[in-house]
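The two complexes that follow have chain A in common; it is paired with chain B in the first and with chain C in the second.
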Partner chain A sequence: MKLNIVMKKALRLVLLLLGVSAAAFFLVSISPIDPLQTNIGQAALGSMTEEQIETLRQYWGVDVPAGERFLYWLSDAVRGDFGTSLLYRRPVMEVIGEKAGYSLGLMTFAWIISGVVGFLLGVISGACKERLPDRFITGGALFLSGTPAFWIALVFLTVFAVELGWFPVGLAVPMGVPADQVTLWDKLYHACLPALTLSVTGISNIALHTREKMVQVMESDYVLFARARGEDPRSVVLRHGLRNVILPAMTLQLGSISEILGGSVLVEQVFSYPGLGQAAVTAGLGGDVPLLLGITILSAILVFAGNLAADLLYSVVDPRMKKGGEPR
Partner chain B sequence: MRELWKNRRGRTILGIFVTAVLLAMICLAGWMWSDEALLTDLSQKNLAPCWAHPFGTDFMGRDMFIRTVTGLSMSIRLGVLTAFASAVLAALLGIGAAVLGKTADSVITWAIDLIMGIPHILLLILISYAFGKGFLGVAVGITLTHWTSLARILRGEVLQLSESRYVKMARKLGHGAGYISRVHMIPHILPQFFTGLILMFPHAVMHEASITFLGFGLSPEQPAIGIILSESMKYLSMGYWWLSLLPGAFLVAVVLLFHWLGHSVSALLDPDSAHV
Partner chain C sequence: MSEQNLNTLLKIRDLSIDFLQYERGLRRRITHPVSHLNLDVEAGQMVAIVGASGSGKSLLAHAVLGILPYNAVMTGTMEFDGQELTKKRIETLRGTEICLVPQGVSWLDPLMKVGSQVKDRSALACYGLGPEVDQMYPFELSGGMARRVLLATATSRTPRLVIADEPTPGLPLDRARRALSHLRDMAEDGAGVLLITHDVELALEVSDRIAVMHEGTVVENALAGDFPYPQRLNHPYAKALSRALPQNEFFGGGAI
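Now for the complex of A and B:
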């Protein structure tokens, strides 16, 4: 029974990854963009000999048909070799590993902070439905949900880094300092503002959803009964509200990994933060197909893992699911 | 007019009208100003906001207010176009999944899972790359990424309807598929479709701005809002705050107007809340 589910999930993941890589490869292969033109430039190409151009064409794999290239790539990828990044001239896995070190820290922090803060705001807002705190929180969350992540990043950068000078203007480490002298404190200090921005962009979604659930709970019969018994509002929220709204909130937050990833692309671009998102943008603009594919696959795995975790969490934490799931 | 103001339904209708006119005005103004937006005046460069230039001017002396409106107009037109295309795609695939049988259903559901499994921005980068960047890439990208959730909703709705008692009864009474879909299905689906369509606008506008900001969208000569904001990044550390702050705030305002419009229209279309 259990094994069956695991097998099914694994099969789904494999199919999904195959689909993602095939779709990504197809999209890249129909592109009219010539990697030689973008990265070397017309002028430089004009001054080269035929032989040099031929070598370059081979390096970027321009002449091999797309289907064949996909099979080559796939047979290597299955063995864990995602090819060599054309722009960084290093194995894709190595580049991704280095960039992910920056990005994952940023995203984990933002994911936790936005989850906790958004959840608390949603609970407060739902418990005080239609009163002043609710108005403020809902209004603020609606405003945030209509604000593009990169503009929040720009505003934070202007206010906190340029005008107030509290934080550095960009990059992940101080400029002009050798790599081995960079301290952990430097790294954290540089990550502060991007992480904060990313957290803020994630809050609105979870706050608004939690508020809806909380309002439903507060209108339920068991809350009415608890009130009639004379429980004060605070203990109603703590004992009846929190337990019922935390599960949907966790599912939602686990399902929002895709949005955090998307947001990190924009935020990293504004702060010149050398993470995965910025690497994806560079790869896309420069026609670095192997790196772009690698990042796409990694993010598909992360999103899948989030959804899977949500499923598992439900069956573990929710007593109703546990009872229904086990054969009697 | 006074009649309309008396109840909340009337006020909502009035609000929808005013918002729609406002958005249409921005759209038109930007269209007419598309030449002025490129006008340079090097004697007036990097001016802070003042009476003559409410949003200031940029490094080439171009008026930022005109540029912002033109950029927004572009975003609105592109957003409306792509949202329409995406909603039609969602309707076709969502309803198709529900009625065309098991194979079609599993293929379409899998496609939805696939698209939702990749972060939007990354997929937009890929699609935009596939179409050689530029206008077509953005338009196709936003169309192909935004249909999934509406398709899912419509699919569920149709499946649920075809299991409902009155549809089963109509079948037993010998009514054909055309009659059933016209009388029993479409009245349920249409409001859902319109709500989904209008709520897609703000997302489409926002994603257009984001992807252009990253450099995959419209070309740098066009005064798109994403271009304006990505240009402003270079001047941030010099303290030219108006270059990013005011156009961005205007973009947020437009997105919020669309959002409000969507919610009001859906509240009116939904019989449960239409007269509250």
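Now for the complex of A and C:
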């Protein structure tokens, strides 16, 4: 029974990755970007001999049909070889490993902070429905959700980095410092502002959803009964509110990994933060198909893992599913 | 059956509940689900409020417990034990002296063990519920068990006023009778019991008085012994209810 579920999920993951990589490859193949022109430049190409250009065309695989290229890539990928990045000239996995180190830290931080802060704000807001705190929180959340991530990033950059000078303007490490002298503090200091920006952009979603759920819970019969039994508002929120709101919130937050990923692309771009998002943009614009596919696959796995975790969470935490599943 | 000098426990005078609703932008609409309602409940007595759904029965219960929705406006006076029942006083009394027996299992927190929702766990045993019920979640309760758990929430303290909001729907007749007999026991023990129901027949079996609620107000307040006789009632709606009783079909319109 259990094995059956694992097999089903695994099969689903394989199909998902296959579909996602094929779709990504198809999109790149119809992209009008000519890797030679983009990466070498019209002027440089003009001064090259036919032979040199031919070598480059082979390097970028321009003349091989898209389907064939995809199959080449796929046959290597299933054996764990994701090829070599054409721009970085290093194995894709190595490039991703390096970039992911920066990005995953950023995203984990933002994911946790936006989750915790958003959840708390949502609970407060829902518990104080249509009173002052609710109006402020809902208003703020609506404003945030209507604001593009890159714009918030720009505003933060202008205010906190340029005007106030509290944080560095960009990059993940200080400029002009040898790599072996970069301290952990330096890295954290540089990650602060991008991570904060990414957190802020993720708050509104969870806050607004938690508020809705909280309002529902507060209007439920069991909260009415709790009040009729003499529980004060604080106890109602803490004993019944949190208990019933936390599961949907966790599910939502686990399902919103894709949004944090998407946001990180924009935020990293604004802060010139050398993470996965920036690498994805570089790869996409430069026609570096192996790197782009590698990042796509990794992103798909992350999102899949988030959804899977949400699924499993319910069966582990919710007594109705935990006990309901056991034969009695 | 009715003694003199009964101690009036709950006294409701001229109670009205208005709802403020906004429809289509800023247009306000006020509805009056309960208007100019008077009702007394004496200690040691069981008063049944009968009436169709939507006649405002549950709202009355919620008003006494101070759990009306935020957009409800309440006017009129309520007295409990001779003193005005203010919002503040309700908050100290509910759960201890004034208890609610709710309608169904949806009134229990679905994610909290039953034992934690019943303050005095020994009360479960009083209704023949085993110790295993303590560790159960509401979804694991059968209909009859849930009913007893809900009763136990009220009896786990020593309430002076018990308000039971439709405690019988969905129960087979013998179970419904048993649930009501538990409430009757509370009255015998000296509590005032307000039974909200739309089952007139069952209400007649256990109650001392029947209050008929129609369009938001109590239109008839009769002794249970008088209720089967339409000619002893005043309001046409109450008379119609009385005539609809099965025994009156037998008596051909209620002339005895």
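The rule is simple: the second predicted complex is superposed on the first by the 325 of 328 C-alpha atoms of A that agree within 3 Å, B and C clash if a C-alpha of one lies under 4 Å from a C-alpha of the other, contacts with A are read in each partner's own complex, and residues count from 1 in each chain.
What we mean here is this: a residue touches a chain if its C-beta (ideal position, glycine included) is under 8 Å from a C-beta of that chain, and two chains touch if they have at least 3 such contacts.
The structure presented is a predicted model; accordingly, all values stated were derived computationally and were not measured.
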| request: Kindly classify A:221 by the partners it touches after superposition: chain B alone (first), chain C alone (second), both, or neither? | output: second
| With the two structures laid over each other on chain A, which partner does A:69 touch: chain B (first), chain C (second), both, or neither? | neither
| task | With the two complexes superposed on chain A, say which partner A:154 touches: chain B (first), chain C (second), both, or neither. | result | first
| Which partner does A:230 reach: the first (chain B), the second (chain C), both, or neither? | second
| request: With the two complexes superposed on chain A, say which partner A:239 touches: chain B (first), chain C (second), both, or neither. | output: second
| task | Going by the touch definition up top, name the partner, chain B or chain C, that contacts more of chain A. | result | B
| Given the touch rule stated above, what does A:20 touch, chain B (first), chain C (second), both, or neither? | first
| Contacts on chain A seen with chain B and repeated with chain C across the two complexes | none
| Complex interface listing, chain B residues touching chain A | 110, 113-114, 116-122, 125-133, 202, 206, 209-210, 213-216, 229, 232-233, 236-237, 239, 241, 244-245, 248, 251-252, 255-256, 259
| remark: The answer for chain C against chain A in the complex is residues 62, 65-67, 69-70, 91, 94-96, 99-100, 102-104, 106-112, 119, 137, 139-140, 153
| field | Residue ranges of chain A in contact with chain B within the complex | value | 15-16, 19-20, 23-24, 26-28, 30-33, 142-143, 145-151, 154-155, 157-158, 162-163, 169, 258-259, 261-262, 265-266, 269-270, 280-281, 284-285, 287, 292, 295-296, 299-300, 303-304
| task | Spell out the part of chain A that touches chain C in their complex, as residue ranges. | result | 129-130, 219-222, 224-232, 239-240, 243-244, 247, 318-320, 323-324
